[in-house]
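There are two complexes below, and they share subunit A, which is joined by subunit B in the first and by subunit C in the second.
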Partner chain A sequence: MRYVRLLALFLKSNLLMELEYRANFVAQAALGVLWAGVTFVSVTVFFTQTDALGGWTYEQTLVIVALSVLIEGGIQLLLQPNVDKIIQMVREGTMDFVLTKPVNSQFLATLRYARYSGLADMSAGVAIMLLAFIRLGYAPEPIALAQFAVMLAASFVIVYSIWLLMATLSFWFVKIDNLTELFRALFDTARFPVTTFSGLVRIALTFVLPIAFMTTFPAEAVLGKLGGATLIAAVALAGFLFAFSAWCWRRAVLSYSSASS
Partner chain B sequence: MWRKYLALSKAAWALIVEYRAQIVIWMMNSILMVIMLLVWLSISREGAVNGYTAADFVAYFMLGWFVRNLTAVWASWELDFAIREGRLSPMLLRPIHPIHNEIAVNWVEKLLRILIVAPIITVVLIATPGVQLNLSPLNLLAFVISVAGAWLIAFMSDYLIGMLAFWTTQTGAFIQGFYGIRLVLSGVIAPLAMFPQAVQDVLRWLPFPYMLNFSVSIAMGRVQGEAMLLGFITQWAWAAFFVIAVWVAWKIAIRNYSAVGA
Partner chain C sequence: MGSLRAFVARKYRTVKAVDDVSFDIEAGEMVGFLGPNGAGKTTTLKVLSGLLYPTSGTATVLGFTPHKREPAYLKQFTLVMGQKQQLLWDLPAIETFLINQAIYEIPRDQYAATLKELDQLLDLGPLLKKQVRKLSLGERMKCELAAALLHRPKVLFLDEPTIGLDVTMQVRIRDFIAEYNRRHGATVILTSHYMADVTALCDRIIVIDKGKVLYDGNFRALIERVAPYKILKLQFEQPVACEQLAAFGDIASCDGMTAVLHVPRSQAAEAAARLLTQVEVDDVNFEDPPVEDIIREVFAGRVAGLGTAHEQTPAVNPAGAG
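The block that comes next holds the complex of A and B.
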């Protein structure tokens, strides 16, 4: 309960901050929509030449595009600002202020900041998904919706855990800004069905950097063609990654010795 | 002027060697092209796509990568930073326009990029069976001229956008937005030949194709004769436009400029 109240406070203080810099908010929101457009076009162009990518039709693929834009927005909204801040705090030694507060340090460090312009990307993602459904003339069954809710939650947890792991590395390797950039570059694969890729690339995108679990499998869920095994695997993976990243975070915090002293 | 550039270049080389870590960043910017190539290859498995075989896609994206590296610019970020932080003032006191320093840094960095990128591209192009390029001396000359034009358009348009910092604090958003539009319309994500004909007919009059797609098409022998001539005229008209636009905008901006900070 205390954490819910804290979270509401964080969101409010971030909103006040955002209102202070309105021009920046508008510019970033517009940019988010523009980038959603770039993502959309970069997939649509393939369908001027083909009917299917990796066995997915245009409309089905649009669901995947929508999810990739949605997650990208979530990263903008929450993960990028907090992880950037963690890296900065470790470098400057101000992490002390987080660790000495009487709340869970992971909670405080990863949910403290929000950049509301990310909501523009997320809205664009929802719009693309609705477009796909309208073109398909499709409304998901309740079971598909329930599966989708679970898969989407798992997807966000997986992305969160990977970002937390990257942040954790900053305790040992001070300069890891490049790592988050690398994630975002590789995340460009998320807008395509994982079956588009063959061989090693597909294996890597499923098991090494599990991008398939972030977009392709949740899309299968909402389209009502998800296998039960994938659902279980996604929940297990999300649970494992969350526990593992939280454990790494605790280890990192224990080994943290401030910057100046 | 050459002596000035030599001095600027030496300083720039020292700077670039110091910031080697940037290499990692470009490599990441290249990942998108690799992904796009993989997807195009996945659909060209069953046969040519709109006149492009799998080997053509490899050639397109490799040459595209080369041209993209040679036309990469970031002067706008430097300019935006210099204007906002008030660091432009000492630059204005020098007897040489600040743009020349940015050009020198850009060229020297290109040298480093060629050293890294060219061997990779050569190996891939040789190792891929069925790659067809037009490497006649005349065509190579056309390629070089087109890349020079591409660089000029890319650099000047970027500098022009950087100059928005004289009037707004949100220049970063404009730079990134332009970058995104350029990604799609210059041919980074797909050969422009893959776009619908109506789109191509409009694009040919815009500056974007001449920053990448045009040069690559020349090297692949897909633009010839009259079409090439018309392409060159359009390209250099845009290049001239941006040079003049930068010059005019600079005159106006400097007249109204008052420094920020100390």
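The block that comes next holds the complex of A and C.
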């Protein structure tokens, strides 16, 4: 309850901060929608040459594109600002103020900031998904929707955990801005069905950097094609990654050396 | 080349930031940590506030082990660092205050009362509604202090709270800390390399250098010991014979028109009175030896037998510290 109140307070203070710099907010929101458009167009162009990609039709692939844009928006909204801030705080030593506060430090460090322009990306993601449904003439069954909700939550938890893991590395290596760039580059693969890729790459995208769990499997869920085993695997993976990243965070905090006064 | 080598093959070596720094501080005491840059003052504060985990030895504050970072402990101290700020840069300070209120779970009426008191002591008034980035350094420091004290901590760790401030603002902050200590009986541990901060606030000082305690004890006692004299500065109407002055104290310098004498503290008043009757003096001035010089003596190791002189630590009455 206390954490819910804190979260509401954080969201309010972030909103005030965004309002301080309106031009920046508008530019970032526009940029987000523009990128969503570019992603959409590039996949559409792709399908002028082929009818299917890894067994997925154009409309089905659009659902995956929608999810990648949606998650990209989520990263923009929450993960990028907080992880950037963590890296900065570790380097400058202001993490002192986070670690001396009587609240869970992971909560305070990872949910403190928000960049609302990410909501523009997320809306674009929803729009692309609706477009795909309209073109398909498809409405998901309640069971598919329920599965989708679980898979989407798992997807966000997996992405959050991976970002948290990247953030913890900053406690040891201090400057790791490039690592988040690397993630975003790899995340570009998330706009295609994982079945597009073959062999080792596909295995890597499923198990090493589990991008398949972020977009392909939730898309299968909403399209009513998801197997029960994948659902269980997604929930288990999300739970494991979250616990593991939280454990790493606690270890990292112990080795925090702060910067001098 | 050195940086390039460090990039490829980085060597790590263990640096003892603090080594055998032992002390006890009573509730309500105001203690000053003195030491040059890199002495280990900040490291000691970080251990006490639970940020650093001591590789050996123990720290106990208010009965808690700091590095366990139990919420019950975190709620009872505060950390203010002159070089780092917790206020949100783009928003008015009051926004940070509200977040701290929620984080520390400060009841609404207590928050209002504390804010009112801090406003009265620090003159926050209009500052709270201005974006922090638009405040001057001094104004910002006032708000930083207020943000750090909203939860009425019992222990204050102040790391160079006056750094970079002009003299007036330094005095202002100093007075505030003294007043806060007097009103709430809070324990204050202060680091600074501005000697004036420490002399004005703390009866007890702990001098640290290269991670070791060089002196721990009453500040006045240290002065008595290192510099048991007062400095008497004289200016004469007519040239005087320097030898004549030897009767009043040790002659540090003398050029006939001016002279500087070192007079034992106990005899200072009497020596000055005698001097005024026997010599035509234009101006006379008593001074304490500069604290910087005294501390330099301690650092230079020229003060024998000081060491970690715990037995010299007197009971300090915080009320008298202001």
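Criterion: the second predicted complex is superposed on the first by the 260 of 261 C-alpha atoms of A that agree within 3 Å, B and C clash if a C-alpha of one lies under 4 Å from a C-alpha of the other, contacts with A are read in each partner's own complex, and residues count from 1 in each chain.
Please note the rule applied: a residue touches a chain if its C-beta (ideal position, glycine included) is under 8 Å from a C-beta of that chain, and two chains touch if they have at least 3 such contacts.
Owing to the predicted nature of the structure, the values given are computational and were not obtained by experimental measurement.
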- Query: Looking at the overlay, does A:103 come into contact with subunit B only (first), subunit C only (second), both, or neither?
  - Reply: second
- Task: Determine, under the contact definition given at the top, whether A:229 touches first (subunit B), second (subunit C), both, or neither.
- Result: neither
- Is A:13 in contact with subunit B, with subunit C, with both, or with neither (first, second, both, neither)? second
- Check the residue A:1 against both partner chains and state whether it touches subunit B (first), subunit C (second), both, or neither. neither
- Query: Thinking of the overlay built on chain A, is A:139 touched by subunit B (first), by subunit C (second), by both, or by neither?
  - Reply: neither
- Message: Once chain A of both complexes is superposed, is A:94 in touch with subunit B (first), subunit C (second), both, or neither?
- Response: second
- Message: Looking at A:28, would you say it contacts subunit B, subunit C, both, or neither? Reply first, second, both or neither.
- Response: first
- Common interface residues of subunit A - those touching subunit B in one complex and subunit C in the other: none
- Message: Touching residues of subunit B toward subunit A in the complex: what are they?
- Response: 21, 24-25, 28-29, 31-32, 35-36, 38-40, 42-43, 49-50, 168-170, 172-174, 176-177, 180-181, 183-184, 189-190, 194-196
- Task: Flag every residue of subunit C that touches subunit A in the complex, lowest number first.
- Result: 42, 46, 49-53, 69, 71-72, 74-75, 77-79, 81-86, 88, 90-91, 95, 98-99, 102-105, 131, 159-160, 191
- Query: Which part of subunit A faces subunit C closely enough to touch in the complex?
  - Reply: 2, 5-6, 9-10, 13, 16-17, 20-21, 92-94, 96-97, 99-103, 108, 254, 256-258, 260-261
- In the complex formed with subunit B, which residues of subunit A make contact? 23-24, 27-28, 30-31, 34-35, 37-38, 41-42, 45-46, 48-50, 53-54, 175, 178, 181-182, 185-186, 188-189, 192, 196-198, 201
